[in-house]
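In structure tokens below, several structures.
Below are two complexes that have chain A in common, paired first with chain B and then with chain C.
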Partner chain A sequence: MLEISKYESLTKLNLTEIERTQIEKIANKLIVSFEDLREIDTKNVEPLVSVLVLQNVLREDINVKSISREELLSNAPEQYGGYFQVPKTLD
Partner chain B sequence: MKYEIVMGLEVHVELSTQSKLFCGCSAKFGADANDNVCPACAGMPGMPAVTNQKAVDLGIDAAIVTNSQITRTMTFDKKNYFYPDLPTSYQITQWFAPICRNGWVEIETERGKKKITLKQIHIEEDAGKMVHDARSGTSMLDFNRTSVPLIEIVSNPDFRDAEEVIDYLEKLRALLSFAGVSDCKMQEGSMRCDVNISVRPAGSEKLGVRTEMKNMNSLKAITAAIAFEANRHIDAIETGSEVLIQETRGWDDDKGITFSMREKEDATDYRYFPNPELMPIVISDEWIERVRSSLPETSQDKFVRMTQTLGLPEYDSSIITRSKALADIFDQTMAHFDKPKEVVNWIIVELLGIAKGDNKGEDDIRIDCRKFADLIRLVDEKAINRNVGKKLLIKVLEEDVDPENYVKEHGLGMLTDTSLIDKAVSEVLAENPKSVAEFKEGKLKVVGFLMGQIMKKMGGKADPEAVKSILQSQLDQL
Partner chain C sequence: MERFVRSESAGKKDAVALEQCIMEKGKPATSGSKMLNNFTAPFDAEVVSRLNATDTSIAGRVEMREFAVGGSFFDTQFGSPAIEALLAGDAGFALCSDVFGEIRSKAPMAGLAYIHPTYGSVSRYGLIPLAASMDQIGVLCKGLEAGFQLLSKIAGSDLKDGAMLSEKEYEYTKINRRLRIGIPTKIVALASEADQTAIKSFCANFETENIDLTHFEIAKQVMTILAFAEASNNISRYDGIKFGYRANEYKNLEELYVRSRSEGFGLPAKLAAIMGTYVLSRDQYESYYEKAMKVRRLIKNSFEFDKYDLIVLPLSISDDAYENLSLYALSPLAGLPSVSFQYEGQGIQLIANSKDENALITAWEVAQA
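Presenting the complex of A and B:
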């Protein structure tokens, strides 16, 4: 059984009681499916990071100016003095 | 009861790259808010991340100077957490295959030498900056630092007191700054240190409850925070005044206390998983050799060169080689004036003295080394006396004056004309009969006072040695 409340706090979501019940049902089904995967023998299989067969995709350390600050902020719901403005968050 | 403090360090160091870790935005410190941000580092969906090769090179540098084992196939992972300073809601870091493991750094305290062992070093991206605006009750976000490359150097819990911690940080700073990995400035945040601390009865094997301290931005703050936190733990154990919990605590430098920030997450809470958008990086022998062969002189090599080849005292050499900035000033000044003992003296006594008086760190000293060398030469050749030289040094630092021209224009050249000095000595003796009488009674202290009076009369420009000998001979004839 998955503790939904723990993941709610980690993802900073507030679920309703109905949503919680629904997600709990789906999540536990998923966990059961993953249990099936455990039966496969992976002893000689290297962990896979990407399905692409590429390595060392690197770029040179060069500055590239891409978009202006105005453009960057144009999607922001709120902005002030060049900053993104969000509801008060204290750590 | 006697207690033992057990500490491990997590040191974040900003890498000296031009651009960010996964995009071409400038990594330069001090730009206007959100000036160095692109769709990739702003976390817009679908933007490809491509790793900066220089960051990997610098990571290999760090691995070499800390005697670490380089991981030949390294990968990047996503660390999930929700906080507004991270627009992607995950940080790209290395969890499963960090760039290197099992290194060590040797420290030296009063109790002798000790190896601090390292668990690992990993490359990761920095987060943005959040400013809380009390007036509007909002938080303001600047993503300039988002995705700037860092390495995190994770030590094992090998530290037993603050002195070891400080020596390790100084050692690390010297190793990394000489290698060009980072400028390691604590004040600007390019070197940050988190301390994991627990306390247990001496002799016990079992570790106590561990807390992590953040936000100390100077070595002094780190020392104070360790003392405070160790005492808090001991009090809690002895008196039961509070129940210690595993948590992250901030350091309040003004109040001199630590305060609870949040309960520490477990590693599983971050739900690390491999980042499928970033391809594995395979580090070959050739790559490591290329990086190794282009490594500049280490602080240790420089120390050996200064003490053995140049014959300088160990104490002086250790001061110069603990800071890349000072070592650079030494080398550049030596290139113009090749007398090591003189150059070292002027750096340690005068330059550092002035910096200390101005409350400046060693790394913040800015001086034209050619002019500095000219000044030292003028004193060495007795064209000016040392006191004039000291005043001139302030002029060079503050107004960037040319020493030779300035001396000429202001007539500061040393007065060596013995007839002039002779005259000044006679006048001062005549003006101070009381001191002369005291001298005759055997109070040799007054000689210093008379010297000062003569120098003052001659505008501070006389050759002090000539003044001393003429004064001595006149006094002897009394």
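Presenting the complex of A and C:
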């Protein structure tokens, strides 16, 4: 069964007791159902990453207008002098 | 959260509502999450640019389940704001993202139809992603003919979406071809009697062939594993720094991440993050994630469109929403187009071969006649 605290730390989440119970209940039901995968013979089957046959898409090396720095930063919770602002990262 | 945010064109017959995951410049795009409550779209999604270029009005924005993580996993009722907007006359169409089949399952019961186009035929530029290998913008409509007309305005290759088919445009039209419908009898037998009667009556208009969809039952597991894996990756970008919700109080960078994500995400996003990280973890990667990708190939190869043009499916085979997920997983997993609509009072789903949307329109029109 899922050791949920390990995945909370990996996903940078701190769940409430109620959330933990809810997620555990759903996750455990799903994990039990995943066991059925073992029954399927996939010997010599390659994983399918995309349903499309993807090819490199190339274009002429010409500047294309993208969004401006101001527009990019306009959704930042905090910014300073044209940069994203974060708390001090080194003591 | 408001279920429908009106634009000036709301109420116009042909106006198009947009789910909150499709960006319209200068408007909020929440993707149904508190995480993006204060997010304003910095540019138009490609589908929005194409609607604007064809003078198609935008009715407003409809709320959605958080990041479109489907209802198959939760007991809570959410309804469908997109369906409500059409029923209320606020919009004639809605553009939606429906990986888990939530709208495909509900639209026919409301007398509406839903078109899930061939993977790679509609640009996802400006669509807030859930699971990129399956994400596809689709059309909620009152009738399939008008729905496909709208689809033809937005479909066609776009360099800004890296996973697209090469066709520049699509003309969706009725064709002169005798259609053969594949009936997966074992699956149809699990539907209600009323559904079975409607399917039988629908298929009476066509040549039919009884078929066996191998790996059908396992499709729900494959979709769940792959969608959560991709979703956990996609929502890792919400860190409280570049955009989206940031917690008010934090002592250091780690706390900023954890508090912002814990307060900003709802249960659907948290479930997707945890399950996705679990199936991608070193211990589980081979038995779940890689295995699911292999079975996905088996599912994709199991269709035999040389024997039939379309597959008919019911919209429900169980009272358990998760069991029903297999019905909706097939077309996103294999990248195939599908429609769901009402026929003789019951919901029906049709799946066609890649780029064979015209078989879907034709079948629908033949059955209406």
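Operating definition for what follows: the second predicted complex is superposed on the first by the 74 of 91 C-alpha atoms of A that agree within 3 Å, B and C clash if a C-alpha of one lies under 4 Å from a C-alpha of the other, contacts with A are read in each partner's own complex, and residues count from 1 in each chain.
Just so it is clear, a residue touches a chain if its C-beta (ideal position, glycine included) is under 8 Å from a C-beta of that chain, and two chains touch if they have at least 3 such contacts.
Note that the structure is predicted; figures quoted are calculated from it, not measured.
Participant: Should A:45 be classified as contacting the first partner (chain B), the second (chain C), both, or neither?
Facilitator: A:45: touches chain C, not chain B.
Participant: Touching A:72, do we find chain B (first), chain C (second), both, or neither?
Facilitator: both
Participant: Is A:83 touching anything from chain B or chain C once the two structures are fitted on A? First, second, both or neither.
Facilitator: The first partner, chain B, only.
Participant: With the two structures laid over each other on chain A, which partner does A:59 touch: chain B (first), chain C (second), both, or neither?
Facilitator: In the superposition, A:59 contacts both chain B and chain C.
Participant: For A:12, is the partner it touches chain B (first), chain C (second), both, or none of the two (neither)?
Facilitator: In the superposed model, A:12 contacts both chain B and chain C.
Participant: Once chain A of both complexes is superposed, is A:33 in touch with chain B (first), chain C (second), both, or neither?
Facilitator: In the superposed model, A:33 contacts chain C only, not chain B.
Participant: So which one touches more of the residues on chain A, chain B or chain C?
Facilitator: C
Participant: Both chain B and chain C touch chain A; at which residues?
Facilitator: Correct list for chain A: 10-12, 47, 49-52, 54, 57, 59, 67, 72, 78, 84, 86-89.
Participant: Show me the residue ranges of chain C that touch chain A in the complex, using the header's touch definition.
Facilitator: For this pair, the touching residues of chain C are 38-40, 42-43, 73-74, 119-120, 133, 159, 162-165, 215, 217-218, 220-222, 224-225, 232, 236, 239-246, 250-254, 256-259, 261-262, 265, 267, 270-271, 273-275, 277-278, 281, 287-288, 290-298, 300, 322, 333-335, 354.
Participant: Residue numbers of chain A touching chain B in their complex, please.
Facilitator: On the chain A side, the touching residues are 10-12, 47, 49-52, 54-67, 69, 72-73, 78, 80-91.
Participant: If you look only at chain B, which of its residues touch chain A in the complex?
Facilitator: 17-19, 23-26, 32-35, 37-39, 42, 50-56, 73, 75, 80-84, 96, 130-133, 136-143, 261-262, 265, 269, 271, 274-282
Participant: Given the complex with chain C, which residues does chain A contribute to the contact?
Facilitator: Residues 2, 4, 7-8, 10-15, 19, 22-23, 26-27, 29-30, 33-34, 36-38, 40, 42, 45-52, 54, 57, 59, 67, 71-72, 74-78, 84, 86-89 of chain A touch chain C in their complex.
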